[in-house]
Structure formats: structure tokens, C-alpha cells
Amino acid sequence: MPTVYITVPPAAADEIAETLVEERLAACVNSVSTTSTYRWEGEIHHDDEIVLLAKTTDDAYGELVDRVQTLHPHDVPCIERFDEADVLESFAQWRAESID
Amino acid sequence: MPTVYITVPPAAADEIAETLVEERLAACVNSVSTTSTYRWEGEIHHDDEIVLLAKTTDDAYGELVDRVQTLHPHDVPCIERFDEADVLESFAQWRAESID
Amino acid sequence: MPTVYITVPPAAADEIAETLVEERLAACVNSVSTTSTYRWEGEIHHDDEIVLLAKTTDDAYGELVDRVQTLHPHDVPCIERFDEADVLESFAQWRAESID
């Protein structure tokens, strides 16, 4: 089952997390505060951001990515999929039922 | 080597992290503050939680999962296993020695 | 593409994150506050640390690990590689261009 790693500006984080859960594209979303360090036009920048870790299913993954791209204020958002090697069976079942 | 991703209520986080290390089921545990967004009985909820990232070994993984289920206050906890693609050799060795 | 999971003492975190981006070994680094629980000489310790999540490429991974080992104040740092199962194409492209 995919965990989708998404970085978003703080002002957009709650809306994206709630929308994914509201529209049954994720069973739950863990939001974690982060500072992002990157280079832009030759300068090093530090931005406060939120990492969203969205717990979804194989079936819902594609639609979740499309929805995040629509809602995200940036043109090139960080959206990455990580698949777990194992998951507690009862949690996997709750997760699937929360989405389907 | 597995990193186990576990979400727990803040009041239970320290005890679970310490127990896993104390009982040599994890070499170390990184605790990260998070807000979890999920739906329960039709309503969107936001809970403060802690993500525990427990660094363990293949051999100890099953027992760690059993122990977390015993200690965790919820019936259906988020417990997921992620395997790294590579690890610094000296860290892997320290981790194995801390557990076995 | 690798995400490299590195734990560092807070005093060293900014320098390592900036150096990796400055030297084009990572496209961006997400820094997350954590408490690490581990056992040392029979005692349980809790240290404030930073988890660096460095977004890099297959080609730059080895050099990034070498650089972190040089900069890191500990002899046995936690450095682990996690490969995503999927990534947004435009983000992958930006990431590769930021490094090469």
C-alpha cells in the first residue's frame, strides 16, 4: 500500500490533507513540520513547509496524485510514492475500507 | 533492515519508544510530532500524534510488532514496515549489535 | 531516486543540509525535528536531533554519503537510503537538473 510523500506550503496543508480524506483518496494523512533547503536562481533558500504522508491504496493512488496537483499552489510539487514491505493486517483492512 | 513506522498518541509515545529500546527490539527510535487527519463516523478529525520510526532488524521485526500491539492504546494501530535500499555499513553493524 | 535518511545533532544540521544543496549533491533537503531514544552503556538516552531527508539521484548517492560522513560529528551516523516506487515526472526532472 502506498504512502505518498508530499511537501506543501503551510497555508495549503490543511486543505489538501482534509480534501484527500474527505474525498476518500486517503484513509489518513500525517502532517509533519519541516524546513526545506534548496537552490533557486543560484541562491540557497530555506522555506517552512509541511510534509504530508498520505496513507492510500494501489487503486486510489493515481487519482490522489491528480487531485494533489490540482490543489497544490506550486507547478512542480514533490510527490513521491513509497511502498511498505509489510503492514499490520487490521490496519491495512481499515485503510482499504476507508477509501473504497 | 526494517524501519517501522508507528503512530501513537503523545501520552503513550515515550513508554513505547523506551520499551522497544530497553527490551532490545529496536536499536533506536526517532519520535516526530505529527497531526493526523482522518474520518471517523462521517466527521473529519485532527489528532496530535507522534510518529515513531523504530530502527530494527529482520530477526527482531515480528517480536517488535507484537510488543507494540500489546502496548498501544488503540485496537487498530498504524504499524508499517519500510526496508531501506542501502545503509551505512558501520550503522548497520551497530544496529544489529544493539538488538542481538 | 533515493531519499537519504540522515540523523544529525541540531548544531550540525543546517551546515550539512546547505552543503549538500550548495555542492549539488541533493536537489533539496527536508529537515524534521525529532527526539532519538537509544541505549548507550546500559542507560536509555533521549537526544534532540534533526532528521534530514535528502532528495538526490542514483548517480550522486555515493558522493552524498561520503560527504555526510566527512561533515557529520559522529563516528557512526544513521545514513539510510529509501527508493520511491514512483515519483511525479516533473519533480524527478527538476531534481535531476538540480544535481547534474
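Going in written order, the chains are labelled A, B and C, and every chain counts its residues from 1.
As a working rule, a residue touches a chain if its C-beta (ideal position, glycine included) is under 8 Å from a C-beta of that chain, and two chains touch if they have at least 3 such contacts.
Which chain is which protein? Per UniProt: A, B, C = CutA1 divalent ion tolerance protein.
Not measured: the values here are computed from a predicted model.
If touching chains are joined by edges, the resulting network of the protein chains shown connects every chain directly with every other. In the contact between chain B and chain C, the residue numbers used by both copies make up under half of all numbers at that interface. Rounded to the nearest 5, the angle that brings the Cα atoms of chain A onto chain B is 120°. In terms of their C-alpha centroids, the spacing between chain B and chain C amounts to 20 Å. Within chain B, residues 32-33, 82 each touch two or more of the remaining chains. Here chain C touches chain B in the complex through residues 2, 5, 7, 32-39, 44, 49, 51, 61, 65, 69, 75-83, going by the rule given at the top.
Contact residues of chain A toward chain B in the complex are 1, 3, 14, 17-18, 21-22, 27-33, 53, 55, 82, 84-88, 90-91, 94, 98.
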